[in-house]
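Presented sequentially are two complexes of chain A, the first with chain B as partner and the second with chain C.
Take a look at the complex of A and B:
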């Protein structure tokens, strides 16, 4: 019997590391040798994870990768949760990379769509963050991972701080399966403030020429919140948060949910809801939550990532946020997504299009944006077994084996600011599927998972509908003068209102005349700074000196 | 600049004139006046080419709230949602005064 080696991967890794001994000093490679390093440790066809989500980017390594010789390194299978930077796509044009598995492509969504159509890039699939992380351990186990850290000590221990995000889940998938872990470092220090990732898991550290890219993605200036968003927020608080006794929640990134955050300390207080709803949050540290935190509405917040400018505020509120012994926040995107899927009563998000059946997508004509985390949070986890009052409020009375459901709420204005209808008969995503030759239509949140739709006209309680025809009628009733909404008629509306399937503001006791900006707990960034006692430090682009 | 005119067959009389909103970017002012004539809406808008949308917004409003009034609207590029908000806010003011 021929003897098989059971350590081929380990041996191959050892050989690779031995081959770069001339540029290696302990675990450190000099900045100027980064290109040489990548050419030496990456093989053609390798699976390579390049760290980058919607906030943090391993930008030094992503800028180095296009400089490698395509004769030596080609046909890479890239795995990236977010395709955000131009060079992420440049490598497909030069042949360095061939295939892509990803989650989100916001800033590059137009170009990626074109490259797929042109055949420049082969797409494996579009994933949610959690799915992509999961596959790193099963059928997308990486050969090389390229990640970013704030501080690294001589042993390679990493401090990733508030923006730990997805670094641990990526590093673990390589470190224990003979993949090579390469870290770009903002700073080399004698001692890290705390160990976010043990040095034992790290193979190579390269000091970066500049700090990694970090976007303040979740900062919403209250100045831009409109009266319609305030009206929708008031309806949601009364008709959903209060009605279903919601305790645990995730908010999407939009102005709609920012409005709700700023209405809790004012409108929510008037309704006597303080202490009764939403004490526990899975959400990024959005500055618009500061007034709700300061006025005692929020008890705990776990975060997927950090938020630029919130560091010092968070450091002073360890009872609320997850903070290390060193005094800085720790985030974790994988755990955040897990919590978002399984531990929440409710997800509230927004979208660019909703079809007549209630399916929604942010993939619009020519833009293959992907979804990030919304489908995880915006879906009913059928594997869930624990119960809460909100979950249980969906349990059918007539089924002895029935169980609850997560609240999945979509909040949209019927027309976008470009005057295009949000409610459509067919999602653009159906066309995009054909153009990009995807296996499935890229739907963000399916109708079957959507329990409520809130528009400026009212709330459609989709979970109360008995048939698809009734569900469509409920959507039409709140879809304004979009082509879908125009199918609604007064008789149908009266019937849906009588049965509690549709509620207009007057049915919820919400006065439209109260939907004024003065109802927001903060009117602008300056107010947020004041609420924070000067601890919040807004990024430059959100400052005004008027 | 575009002017349009609409009529509706609605019968719930209003008691007083009301004025809501301002002409500002993305906003509009709405003035309701009592009338015993046919309901009439005159729209002056800064955004051209949306006459059909105006007709739809107004029909939906009067389907739901069949008031009899003379209505003047001066608009500066509002979305249909904002138009409906101002119309329904004006309605709330009428109810308050009853």
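Take a look at the complex of A and C:
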């Protein structure tokens, strides 16, 4: 009987590394040899993770990959949480890559739809972040991972700093399963400020021709917050944060939640809620949180990623943020998403469409955007055990074994910025499923997980509804003059209000006339800088005020 | 319109088609005069841009404009573009002398417009959903009778605008198949090259990098809607952040600006060549 080798993967990896010994100096490969490197260590059909996080992009390696010879390297199975750069898709046009498993593709959503429709690309699945990370350890174990670091020392130790994001979860999946870990480095140094990834896990380092791409995605200029958003924020604070005694929270990235952040130190203070609600946050370090931090509302913040311009402010607030001994923040998207599932009372987000049943999606016609963080944050983990007042407030009275629920709140204006109704009978996502031949309709947050919808009309307490018909009626009642909303009538509305299923501003003691911009703790970027004692440094594109 | 266009280009049109471009409002009532006039103006603009060593990363034409786009991207020669457009305009003029045209609806989604079109479209009064100029700006094409009925329904559905356009032909609809057939025969014998830059195709809104796709677009352009809105989405996703519109107008610059307010735009109609050169060089330096 022939003896089976139990080290075939290890041997294959050793052989690959041996084959590039001529361009390898320790762990280092010269910038100009990057293409040669990729052609030598990637095999056709390999599973390759290209680090495209929500914020950080391994842009040097992603620009190098399209330059390889498609005769040598083809049919790759790409695994990317975020598809955001043009070349991420160019490699499918040239045949270098064939299949894609991903989470978010907002910045390339038109092209990705076209490529699926014409067969240029095969899609595995559109995942939530946690699903994608989890599968790296089960049935999508990568052969090669291409990641980005700020600084690398001679031993290959990585400093990934504030934008550590997905680097640890990606690298670990390859490093311990004979995958090859290739890192692009902004800078090679003698000693890294701190070790975010041990050099032992890293095989190859290439100095990048320029620093990796990083965009300030979560900066919202208070100047653009409208009075309608302020009204909705006031309703949410009274009718949800206060009512359910919410302690732990994640906010989405829109202006609605930015408004709430800026109302806590003013309106929240007036209501006497300081010290009573939302001390603990899982959220990116958005500048609009600065006034709430400075006025003592926020006690802790853990973050998925960093935010350009917030570095120095964070360095001076280590009691609030997760900061290393070196003084810079450490982020981790995998842990952040886990926190969203299991440690938070509430998620508050926004969407482009909500159907008459309460399902929501940001996938609209011709645009397969995927969803980023919202589906994990905006779903109820039914296996949760630990109890909080907010979670308990959903526990049914009549079921001895009943359990609580996470609050999942959608905040939308009834008409979007493009004047299209947000409330629709059918989501565009249903069409997109057919066009792109997807197994599931790309719904971002399911109706069954959605506990509240807030609009400029009022709040629908969906969790209080007993039937789908009643749920639809509650949605209609807050859907304004959209086709869905026009089905509501005064009698139905009065009944829903009487039973506490729908609340209008007056039911919550919120006066529409008070919803003024002057109620915001900061009205522009300059105010945010002042609140931060000059520690916040807004990126150039937000500096028109100066 | 053509006062600045170089004489050899105008002479070229005369040589290749026998058409003398008289360049006055009356002549431009004629489909052949207006199509050749616009083409020759755009060919002149392309020569101007080449003279200041500017080359595009991507080209996008709208309907007739695809021929200038094909010249700018090196797919077809000036001469062949002129001859092809001459045949295209001749054939368009003959096809539907009366009773056909186009309409525009603003404020409804394409899906919304298509539902109305489906209610009305019949063999007797054909009407089709046509060009998508922006998300909420859809053109319909077909019989005047069918178009008017769809426009009436659109107004009932509270469209902001629903108007008949001054176009005498049901362009960008299946009714134009006979023109496509003639162009197919015509282009079968013409030497074409792979585009030197990305070509954004009218017929499906895709970024095209090979000659077959551009050829298909030049032949079948009039049969399909112009997916202008999708073309712009794709351009932006490809990293394009600057647009330059050739003459005669600035319609497409307005569409780009309202879709992408951060885009840097140039209209050749409103700007001198040396100013254009200065701006483009400045933006390249960053």
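Assume the second predicted complex is superposed on the first by the 544 of 546 C-alpha atoms of A that agree within 3 Å, B and C clash if a C-alpha of one lies under 4 Å from a C-alpha of the other, contacts with A are read in each partner's own complex, and residues count from 1 in each chain.
Please note the rule applied: a residue touches a chain if its C-beta (ideal position, glycine included) is under 8 Å from a C-beta of that chain, and two chains touch if they have at least 3 such contacts.
The shown structure was predicted, so the numbers you read here are calculated from the model rather than taken from an experiment.
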item	value
Touched partner set for A:366, first chain B, second chain C, both or neither	second
Touching partner for A:532 - first (chain B), second (chain C), both, neither	neither
Per-residue touch tally on chain A - higher for chain B or for chain C	B
Partner chain(s) touched by A:450 [first = chain B, second = chain C, both, neither]	neither
Contacts of A:93 with chain B and chain C, given as first, second, both or neither	second
Which superposed partner A:388 touches (first chain B, second chain C, both, neither)	neither
Partner chain in contact with A:419 - chain B first, chain C second, else both or neither	both
Which superposed partner A:515 touches (first chain B, second chain C, both, neither)	first
Touched partner set for A:108, first chain B, second chain C, both or neither	second
Chain C-contacting residues of chain A that also contact chain B	419
Chain C - residues contacting chain A, complex	107, 109-111, 135-136, 204-207, 209, 230, 233-234, 237-239
Chain B-facing residues of chain A, complex	226-228, 231, 413-417, 419, 455-457, 480-481, 485-486, 488-490, 493, 505, 511-513, 515
Residues of chain A that touch chain C when the two form their complex	86, 93, 107-111, 114, 118, 365-367, 418-420, 428, 431
For the chain B and chain A complex, residues of the former touching the latter	26, 50, 53, 56-57, 60, 63-64, 79-82, 84-85, 88-89, 92-93
